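Note that subunit A is present in both complexes that follow, paired respectively with subunit B and with subunit C.
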Partner chain A sequence: MNQAKVKVAKAKTKKVLNVLITYCILIVVAFIFFFPCLWLILASFSKSGSIYSFDGFFPVEYGFDSFKTLFTDTVMYNYPQWFLNTLFIASMSCILGTILTILTAYCMSRFRFKSRKAMMKTTLVLGMFPSFMGTIAVYLIMTQFNLINQHWGLILIYSAQAPMGYMVQKGFFDTIPYSIDEAARIDGASNFTVFVKFTLPMAKPMLVYTALTAFTWPWSDFILPKMLLVDRDLYTVAVGLMSLGETEFARFAAGSIFIAIPIIVLYFCLVKYMINGMAAGAVKE
Partner chain B sequence: MKVIEKFKNFFKTLPDKFKAIPYKLAKKFAGAKEILVQGNGKVSASMIVMGLGQLLNKQWAKGIMLLFIQVAFIVYFVLTGATDLFGFFTLGTRAGNAWYGIEGDNSVVMLIMGILAILIIILYIAIYIANIKDAYRTQCALDTLKKPVSFKQEVGTLLDKNFHKTALALPVIGVCVFSILPIVFMILIAFTNYGDNIVPPALVDWVGLENFGKILSLGQFAPTFFKIFGWNMLWAVLSTAINYFAGLGLALLLNKKCVKGKAIWRAFPILAYAIPGFITLLGFKFMFSYGGPINYYIQQAGGEAVGFLGLDAKWSARFIGLIVNAWISIPSTMLLATGILSNANTDLYEAARVDGASAWKQFIKITLPYVLFATTPVLISQFIGNFNNFGIFYFLRGSLNVDGYFLASDTDLLINWLYNLSINNNYYSIGAAISLIIFIITSVISLAVYVLSPSYKQEETFR
Partner chain C sequence: MANLSLKHIYKVYPNGAKAVNDFNMQIEDKEFIVFVGPSGCGKSTTLRMIAGLEEITAGELKIGDMVVNGMEPKDRDIAMVFQNYALYPHMTIFENIAFGLRMRKIPDIKRDKAGNPVLDKNGKEIPVMRHYNKQELTAKVTEAAEILGITEYLKRKPKEMSGGQRQRVALGRAIVRRPKVMLLDEPLSNLDAKLRTQMRSEIVKLHKKLQTTFIYVTHDQVEAMTMGTRIVVMKDGFVKQIDTPKNLYRYPANKFVAGFIGTPQMNFFQGTLTKDGDSVHIAFKRSDAKVTVPYSMLMKTMPQYLDGTKTVYIGFRAEDIALEEDKVAASNAKIKVRISHSEELGTETLVYGDINMDGDGFDETSTRVIIKSAGFKEYQSDTVCEAALNIEGIHLFDIDTEESIMPRLPEYNYADCKVSAGKLAILGQSIALPSAVNCSDGEYDLLLPTDAVTFDGDIPAEITSTEDINGKLLITLSVNGKKLFAVTDCSADGEKISVADGKIKIGIDMKKIIIRKNSEDVISPMPLVNGLNGTFVMEKLPEMTVVNGKEKKVKKAHYYLLIDGTKLEAPAEVYNKLFAATSDRKAFNSAYRYEWTPYDFAVSGDGIRAQVEETLDYGAEKFVRCTVGEEVIYVKTDKRLSGTVHLVPDVSKVSIIESERQIRIL
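Our next item is the complex of A and B:
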């Protein structure tokens, strides 16, 4: 009798200990991930801009000065303009890239044509190349097309290269049963109608996932814009922020927060789609 | 064991595959022969002038379109195509001379335009063959007294049976111009002497395998190459392992029944995931810089400021790189593992619990094999992503040049070296050769795993 009681008590303490340890680890993890973000947020509210006038992680004095200079002092660092540039490039590339990627994935999943396997293997092999090695060639092509120092040039490149990553979306389309297509086709719908009226609405989670990835890529890319944009006023935020030194640390922090917020909000709204999309891509890649 | 078996099978079927090639070719030529022998005058007319056969068959719209394509092609070929094609092989013969005001040939542009010309010629040949086939098809239909397919009907199929042709036209063109063309260009550059002193207006030439010899044999490049390659492999393995297992562990931890408020706990890693990478990297660079907070506390404690990412900080910089990379990548692995774990078969765990298996046993025997199986492709792509992780040391340390390395630092990966060589220092051809080597390493690993993986072989399961 007594022994059993001890056993139960032991199991109980073990369980409590288990929960306790779990929460301890979680708190540590949350701290690790949150602290650098907090540090940047605090830094953006610092009164003096340089990193040397900080008490370790914490600014000496707080204020909104760095946000004010970020948007008003536009002679050297035209942040508002950079932000608009980035927004324009990212949204246009997102729209065009999503359309092209979804179309490619749908065709690769639903149609059986002669060059299909060859195309799939080619894209796979091409994906192995270090992505920016082609940038020298892309740069030369853009000079030939007279698209250097223009936002449309960047949009063209981002959206044209987007279909290369169609694999995740194809994996998703593969899981949509064929019976739906066939039923619609018996009713006399063409492949185009089937795609627009049946497949697309069902692929909404995938559309969201694709659009999100197509948006974040140009939003945070720096290699292409750095190469193709010459005028300071045409810069994207990534290129612009890179040109800020240690004395402009607060301005960097403020600018970073401003560019990170839209993405963070998007991610938190769409995290369900992200998880589903990633899992779909993982199983059937 | 299974993998070895698959390898064996793959190589066993290889000879058969090679043997099948002549048959496949013969099958293709049989079709061509049939057209040549059976084709009537109108088919021959299409062979001589594109669209003529169609016009003779009174298929006006199609005929005029094909004719127009041929005229356009000939105009293009005469005006620039021929010279572009020729330029591809010579890479320019006339050296420019600013002194005498001679505008010479620009070898690099000639190379690109040459590749473009070849792409256009291939496209033209494809249309030409389609044109002959179409004329023959019409002949067959007329011979059997059937009505040939009208142009209108054919256009109609572009939204139905041939929807893929319409839909894929734009993506294929885009990928050809902005992905394939640059990569082909880069591969070709690896076999030229473009770079160093030889940049336009100087003339570039084909040099064969000389660049690869330079990298692999002794010289200024070889020692740096092998040093960086060793570190690159170590980095890829370590960082992939850390990110993978830490991400999986975090997902399992959050999956525990006793954890309340999962969404809130999960929000912190997602926050890290959502911040654009360059911001995180620049932020951490500031954190570890001389004036940064870490050094502030060291100085407060009476120590000297440490250059964690400075010129002679080899292992501390590498270590920081690993940690920062983990900070960035663990959340995405966690999300992925969460998605996969939510699909896991709960019956198995139930059964294991009944049998009295410990939590650790359950993890080793059920969870790990399942997750490993489901994420093999992702694991490969993560390995390659880490192997070619350009951003991390580019932002953390910038382009430093360390003693004992040629235009590289001791944390640089091959991809960073490639960038320094080709974009900062004009060693284009050497850079291209290195990227080919990177490509061979990564593609051999992943193509093998991909072809042998069940997800490729059982692709048709859902049909």
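Our next item is the complex of A and C:
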């Protein structure tokens, strides 16, 4: 009897210890991840603005000045304009890129044509090279098309490159049973009807994921806009912030924090679609 | 509401694998056809080719009177039920069922907003195509839902339903359009056993109600036997047998069908057959068992298996072996069985044993035996008892080909014959041999094909019985007290024979007989198929045609069969099928074998050059044997021919085989 009690007590302390250690590790990890973010937020509230006036690691005085100047002082650094530019480029690339990616993935998943395997392999290999490898070539092509210093030039590049990462979407389409397509075709649907009425509604989570990735890349990209955009008023946020003066660090931090907001909002709006798989109940698993 | 015709259907994958081989079948209206076979046998592929989901490599598929080979599935007016239901998950049940209707248009006349017909200038109604309206849709969907008992679920989504209900929805989706043909691809294999039995009878009920042609694919022979009006048994892409469930069970054409149909599986033993006067001794291998049965029970057995040297498979169904004492006492064919164990199934008991006294009765060996016995009877393990064989239920198969050696439609009559002075003595008759059958005097074995017996000769015979077997009439004749089988098409000679009042005069088609000595052919039958190798070519020739009232020179493509340097123009029906079977351009790069019967050739001034070798005179008909290059062909002719002749075959009667893939195209 007594022995059993001792055993139970021992098991209890062991459990508590386990939980304690787990939490400690989690806190440390969370701190490591969260600290740079926290530091950036603190830096954005720095009153002096320059990184050189920090007391060691942290700012000395805090205030909202940097946020205020970010939106009011638009003569040299037109942050609101940059923000709108980025929003325009990212939204357009998101729409076009998503359409192209989904179509590519659907095509690769559902149709069997000559050189399909070869194309799949080629895109996979090409996708392994970092995108900035081709920047010079892209620049030359864009000059030929007279698309330098234009937002549409960027949008075209982003949209055209998005389908290179079609593999994830293809994998998803592969899981939608062929028999649904076949049943629809027998019912009288054309390939296009099958795609629009059956595949797309069932692929909602994938659509959301694709749109999010297609949005975030142009939103935070630096190299391409830096190379293709010349006028200060056409800058995206990333390029614009980079052009800030050395003493404007607080403003830089404030700008960086501010561009994170749309992504966060977008994510929270769309997250519920990503979680629910739609294909439940279609076929017997 | 349509019949189907499948002619020489092949499915060959790009890697050369043949999924379906030369599938031929006529499916009548309102039939319930079941394709059955182990997985990978090509049954689903065939069904999907009918549906249009899979391309047909070669062959001709007709639904109703229309060739549908290249047609889209939606235009074939078929419906299909899938194994995994394939419901549209994001749609309600109503929408699932209604979708097929929404996609279709129906003929109507033009109406104004009030619904009154709009007339054209001449006061006639204007025909238009329109979609179903809401009331029509609701009515049709509700009707289908009522038939299947799913009316209360119409607002639900598929994931809120159980497996059986989902399959009902899938059926509803198929029947709502009232298709010409219903295709069902293993629709019940995802359901549990009880539901499966229930749905099985519901599908049969549905078939009765809809009066539509059903084609049903399953791997479950019980489903096949209980549902089909006819069953197609397939294996490795080949059709093994097509027949009614009853005939499949009673007359399996090969060992595969015999073993596949029926539970428990048929018992297969190995043994030899020895004919001894009017009785046949059956000796079982790896066992001491021996039985002797009267020859009259094994009449149809091919005689080359009756000399005791060839091992054959001997099959008995479990119910054709009895352990009951009264049956054993009454039987003349008894074997000893050592019982190993038994399975009590309620109404019956399956007794496992071995006819080899050292066998254990568990492994599937050539001596293991399963016996169906009455229910609740207990059998002691390891006891040896006598079992009675029902010889009427014997099935015999060749050990290598596994084909039945006592086919329902025997191919040959076997008889001893004597040739002397150009006369053939058989069946107590002496028949003059035509000069083409050139045989020295002596005693021989005669193989008389059952279709070589004609009904216009002068040998008196008596009809003992006739049997209609799948459109062929098997006539058992008695000539001078000897039994003779004759086979003829029911339609051709059927009437003539039935009115003959038992007495009839028969003749023998001498070009079909085989005369053998010591298992070597002395006289071979004249081949009825002449094969010639060749290619297919196109030539564009200028032609004058009238375009817009003016004469114009245009180039028109002509297609030719090229054989031994001779071009034979192909009519449209021939080259269209060639193109369909070879995916267009490959048609010109492939080698073919063109086949004609000896009756399809005409002798003409130009044509294929042939060297006449020999004239064969069969009395009523004369043929010449010629050589074309290295090929030998036979040609029917009335003239006396010699030397070099030019032959023109009738291109419209050609049958074509693509040499590389061995596909019969025509």
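The definition used in the following text is that the second predicted complex is superposed on the first by the 255 of 285 C-alpha atoms of A that agree within 3 Å, B and C clash if a C-alpha of one lies under 4 Å from a C-alpha of the other, contacts with A are read in each partner's own complex, and residues count from 1 in each chain.
Just so it is clear, a residue touches a chain if its C-beta (ideal position, glycine included) is under 8 Å from a C-beta of that chain, and two chains touch if they have at least 3 such contacts.
What you see is a predicted model, and the numbers here were worked out from it, not measured in a lab.
Visitor: A:I186 contacts which: subunit B (first), subunit C (second), both, neither?
Guide: Only subunit C is touched by A:I186; subunit B is not.
Visitor: Counting only touches as set out at the top, which of subunit B and subunit C does A:F34 meet: first, second, both, neither?
Guide: First partner only, subunit B.
Visitor: Could you tell me if A:L126 is touching subunit B, subunit C, both of them or neither one (first, second, both, neither)?
Guide: A:L126 sits against subunit B, while subunit C stays out of touch.
Visitor: Answer with first, second, both or neither: which of subunit B and subunit C does A:P177 touch in the superposed model?
Guide: A:P177 contacts both subunit B and subunit C.
Visitor: Which partner chains sit in contact with A:K47 here, subunit B, subunit C, both or neither? Use first/second/both/neither.
Guide: neither
Visitor: Figure out whether A:F198 sits in contact with subunit B (first) or subunit C (second), or with both, or with neither.
Guide: Second partner only.
Visitor: Subunit A residues in contact: does subunit B have more, or subunit C?
Guide: It is B that touches the greater number of subunit A residues.
Visitor: In the overlay, answer first, second, both or neither for which of subunit B and subunit C A:R232 touches.
Guide: A:R232 sits against neither subunit B nor subunit C.
Visitor: Determine, under the contact definition given at the top, whether A:I259 touches first (subunit B), second (subunit C), both, or neither.
Guide: After superposition on chain A, A:I259 lies in contact with subunit B alone.
Visitor: Report, in rising order, the residues of subunit A that make contact with subunit B in one complex and with subunit C in the other.
Guide: 177, 278-279, 281-284
Visitor: Which positions of subunit A touch subunit C when the two form their complex?
Guide: Within the complex, subunit A touches subunit C at residues 177, 179-180, 182-189, 193, 198, 201-202, 278-284.
Visitor: How about subunit A: which of its residues touch subunit B in the complex?
Guide: 18-19, 22-23, 25-26, 29-30, 32-34, 36-37, 39-40, 50-52, 54-57, 100-101, 103-104, 106-107, 110-111, 113, 119, 122-126, 128-138, 140-141, 144, 156-157, 159-161, 163-164, 174-175, 177-178, 190-192, 195, 216, 219-220, 222-223, 227, 238, 241-242, 246, 249, 252-253, 256, 259-260, 263-264, 266-268, 271, 274-276, 278-279, 281-285
Visitor: Please name which positions on subunit C make contact with subunit A in the complex.
Guide: Per the stated touch rule, the residues are 51-53, 72-74, 78-80, 82-90, 99-100, 103-104, 157-161, 163, 166, 173, 177, 190.
Visitor: Taking the complex as given, what residues does subunit B use to touch subunit A?
Guide: Residues in contact with subunit A: 108-109, 112-113, 159-161, 163-164, 167-168, 170-172, 174-175, 177-183, 185-186, 189, 250, 253-254, 256, 258-259, 265-280, 282-284, 286-287, 289, 291-293, 296-297, 300, 327, 331-332, 335-336, 338-340, 342-343, 374-375, 377-378, 381, 384, 388, 390, 415, 418-419, 422-423, 428, 431-432, 435, 438-439, 442-443, 446-447, 450, 455, 459, 462-463.
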